[in-house]
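Before anything else, here is the set of structures, which you'll find just below.
Below, subunit A partners subunit B and then partners subunit C, in two separate complexes.
Up next, the complex of A and B:
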């Protein structure tokens, strides 16, 4: 089972396509038609067209290449339709409906039949019990949720155990203007699980980082081995610190794992873990976009002292070093600043002056600094020190993160060119610190892994 | 010293007003002119008008009531100008410039002079070393930061030790469409400190809750006593978990306190503490807008299971009970739901159906539930169960928090009427849980305080 049929199909059949708004087969079709390739609405009791595409009676009657079927049908008929798909040569299917392993003995039996059919016909099945997936760069919107076409193409592939969390993450990225490389809700994971999805998106050109949402999995070791084996940085949000096993089992048919053991395992296998959805996206964007730093030492430059204290405090509490600068740096900073502000690390520049760019470059060039984290409240009359940040990002090949707050829409407009130039931007001082903490955790873990490898 | 001259003046003098954009005296004047009352630009070397207001040579020459002076002048001339203000009968002043207690021996001496003058003339001095304050409901924009006029009037008074953090919070509220009742950056706290500001905003009609940002204070007990004495709920973000004392001292001239002691003290005095700026605003909005619950028990209703697990997990990890429902509730939920979803607490409704409102009301009426927390991914075709949420908020007098994610701008537009109806809305499952955690912490603390009180 390759996953190209699922994530890179030539044509799509929407089975159970419906003319009634609000029905799964309507809403899924409304999104699917955005696709660059062919999309076929399939329904034996419908005629005419739907969103400009002519209805077909069954998947076997489609005249053209169909790699992917979206099954917008109730659970009881899924097995027979999946068999039809298999016979028609369809290589992948999304099963949206619930009523499988998460729903008692009957459901488990039904899921076993689906699994057997998936194996027999070598169909990559996403779900059951999922809200689907998105690959915005290909307008591949295999979800029944409205307005997913608003989610732009970005650099992070979101792979979530829960379709709801997957969509929440996709829309968080949309509302902040970043987009995603892909979004996958795994659901009950009949044949497409974490490992398969991680390996696929490791080879997906737009994907620079992989963000995982995990409630639990029967094969934690396999997942960890996969994370270690891939080139793409992976960051994980593991839910289930407390015993919510009953609810989770009812959700995707999986028991949540032991949280502490999971966290320790991910650390050992080079995957930073984070405490929430917002940090998951910020960390993945940072890992994906920034170069690997030479070490964990952070230079903090802040225009407003208070947010700088928040950042330094948060970094230190997480064990990330905010070291003193070397003497040459300290001397130069004292020249640039007027003596009233604070020239140690974090550097408080005071309100932006023409020297702000020089301060940033001086800190970045300090012999003991590996990562640059800048905080600036956006002021429309001042703007950001964009050229200094660009040149640090480009010339010094050093990770640069800008944390900011400010009036909308000005701040959103002003950070867009910085993002384009390779600076990762986040809102709030805390999010800036948390993104850098994940970056440092990743670099430390990767270094430990490499040191543990035998020669050659 | 009353603070009406500061936060409710009849007229304002902008001393050091300037025609040069980017200068403090220009940018502060640009904001100040939005005020409903009189605003006078003061500068002995300028003639004509600035933003339509005629320049005056000195504060003593102003022909009209002036309660408040904004001192947009360098530190060395602050004492003499403050004396002029005192002689002219000005009752309050904002001193923006740095170069006082945070800047060595000279600065400390200068601050002592300012303090003596403030006492002698009974002037309420905000600062020095602050970016000022805002009372959006009166268009009172005493800040030099651009576009503060975009911050709407809301229900939370932000009182921050750092002017930078104060502005960051104000703009966070703006970007989410909520506004603030007031924003105050205290800076060096010559005569307006936490206690004075808290007491003032306790009596400020638009203020329903007070959000504190604290780096440290010499008189922690006085602050705590004040928090306990006021009617308005207070929530605090205390920075300084690690030793960032050197930087903090250079910032507002105050040492950061001992973090653990501070946190314990606030708990004892009925003030929930939170770990970041976002949670600070969410918690304060929730405390200010929602009724006091009868107890700490949370009923969670979720349309998407994954975010519901995140919420339940986070509540449980914080010691907030998510109890089983009583038998009558469980029976009714089984009728409303199709048996495939999860009728225990949290309730997973599956995709919104006509019964969604009934599910919400059933949970809210459960004998063991005190607080309702709903998560729903916003779908434009489905909307929110607004009438059910409204009726719970209004008829049951129970706190109702809706956590949500979804496509912008649809989600922002759709939550606005819910906010107006008394439901507190936040983005992301984690923020929903965190807001409820602060509410429960507050109620538990208040109850302990009342039990500890002697009769009568």
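Up next, the complex of A and C:
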């Protein structure tokens, strides 16, 4: 089962497409028609057109290539329709409806039938019980949630166990103007699970990082091994801290819960874990867009003292060093800053002067600094030190993160060109620190994995 | 113990190894346990104590008794016995308890390890359906237990992973010789953690191991008690 039919189809059948707004088959079709390729509304009891596409009676009657079927139909009819899809040569399907393994014995039996059909016809089934997926770069909007077309194309592939969380992440990215490379809600994982999706997006050109939301899987070891095997950086958010399995006969058993093991295992297998959806996206964006730092040492430049202290405090508490500068840097900084503000790390520049850019470049060029983190409260009359940030990012091949707050839409407009130039931007001092912490964790874990290999 | 303790427990239809069997298994992977004898009678217990040298610890030995110190009004474990009469009394109580409860068991006599200024740890291993073999290291003793201060890794693991587990403990300063405590040799402890992980990887019938407490009073970690649970 390849997933090209699912995530890179030539044509899509929307089965159960409906003319009634609010019905799943209507709302899914409203999104699907944005697709670059052919989209066919399928419904034996409808005639005419829907969003400009002519209704077809069944998937077998479609005249043209169809790789992907979106099943906007109730659970009881899913097996027979999936069989029709299989006979028509459709290679992938999204099953939106609930009423499967999550819903008692009948549901479990129904899911077994779906699984058997998926195997028999080699159909990659996403779901059941999911709100679908998005690949904005191809206008592939296989979700029934309204206005998902507003989600831009970005660099992070979000793979979530829950379709709801997947959409929440996509819209968080959208509301801050970052976009995503893809978003997938896995649901019940009949044939497309974490491992299959991770491997697919590892080879997906627009994807530079993978963000995982995990509630629990039957084969955690396999998931960890897949994460270690892929080249694309992976970040994970694991939910379920309070749940502990009841299998224990010993003290050790009672103290060994899945949440702890996911955290430990991901650390061991080279995947930073984060405590929430916001950090998940920020960390994945940072890992995807920034170069790997040579070390963990962060130079912090801040225009306002307070946010800089928050950042330094948070970095230190997480074991990320904010070291003293070397003598040459210290001398140059006191020259630029004229002794008015704090010239050690974190550097407090005061309200940006013409020397702001020089301060940033001086800190970045310090012999002991590997990562640059700048905080600035955005003032429209002053703007961002774009040329200094760009030149650090380009010439020093050093990770550069800008944390900022300020009036909207001014901030969004002003950070867009910085993002385009390779600077990762986040809102709030804490998020700036957390993004850098994830980057440092990732690099430390990867280095240890390399050292653990027999001969490099 | 020439015989494979796992095979012996299986043959006897037990899901748990006796403490002596569990400790023998730990010795095979280089984890030190106190010198000990398993005996049947009171006189033999005294003879074992004389041979090992006082002070000694006397415990009930039976695969089905996994919480020895709670067993039979606390008569399952008698610590720091310094002479013959103390050993005689403890051994008699254990035999009485076994007779009353109808449990088929024996008496374990072992060297009382000096625990003054030593650090008590819990070292464990657990196999789970989703993760496979895993290990755990934490601070032992009542307070640490209450604080749930433990760190986990999947097995097999490297020495670097094991050292990192120590760093993750909130009470890690206690390992470095806090106040009058004797510092823990991190490398030797790491070796023990790695070995326990390997033991679980190699023996697929083992589902859980408790080494609690593992006492470190200087150089080598010593397993004062051990529980090994086999697949049901």
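Descriptive notes on the structure:
Keep in mind that, in the parts below, the second predicted complex is superposed on the first by the 441 of 456 C-alpha atoms of A that agree within 3 Å, B and C clash if a C-alpha of one lies under 4 Å from a C-alpha of the other, contacts with A are read in each partner's own complex, and residues count from 1 in each chain.
The working rule: contacts are C-beta pairs under 8 Å (C-beta built on N, C-alpha and C of every residue); 3 or more make two chains touch, one makes a residue touch a chain.
Owing to the predicted nature of the structure, the values given are computational and were not obtained by experimental measurement.
When both complexes are overlaid on chain A, the residue A:27 reaches subunit B alone and has no touch with subunit C. Once chain A of one complex is fitted onto chain A of the other, the partner contacts of A:265 are limited to subunit C, with no touch recorded for subunit B. Once the two structures are superposed, subunit B and subunit C can be ranked by residues of subunit A touched, with B on top. Legend: residue contacts after superposition of the two complexes on their common chain; A:218 is shown touching subunit C, with no touch to subunit B. Of the two partner chains placed around the shared chain by superposition, subunit C is the only one that A:448 touches, whereas subunit B remains out of contact. With both structures placed on the common chain, the touch criterion links A:370 to neither subunit B nor subunit C. Of the two partner chains placed by superposition, A:208 touches none, neither subunit B nor subunit C.
Residues 247-248, 250-252, 256 of subunit A are contacted both by subunit B in one complex and by subunit C in the other.
If you check the complex, the residues on subunit A that touch subunit C are 216-221, 224, 245, 247-253, 255-256, 258, 260-261, 263-265, 267-269, 448, 451-452. The residues of subunit C lying in touch with subunit A in their complex are 15-16, 66, 122, 124-126, 128-132, 134, 136, 138, 148, 150-154, 157-158, 160-161, 164, 207-210, 212, 227, 229. Those residues of subunit B that touch subunit A in the complex are listed here as 21-22, 27, 98-99, 103, 131, 145-148, 150-151, 160-168, 171-172, 174-175, 213, 215, 239-244, 246-248, 250-252, 256, 275-278, 302-310, 312-314, 316-317, 339-342, 344, 346, 348, 350, 377-382, 405-408, 410-411, 427-430.
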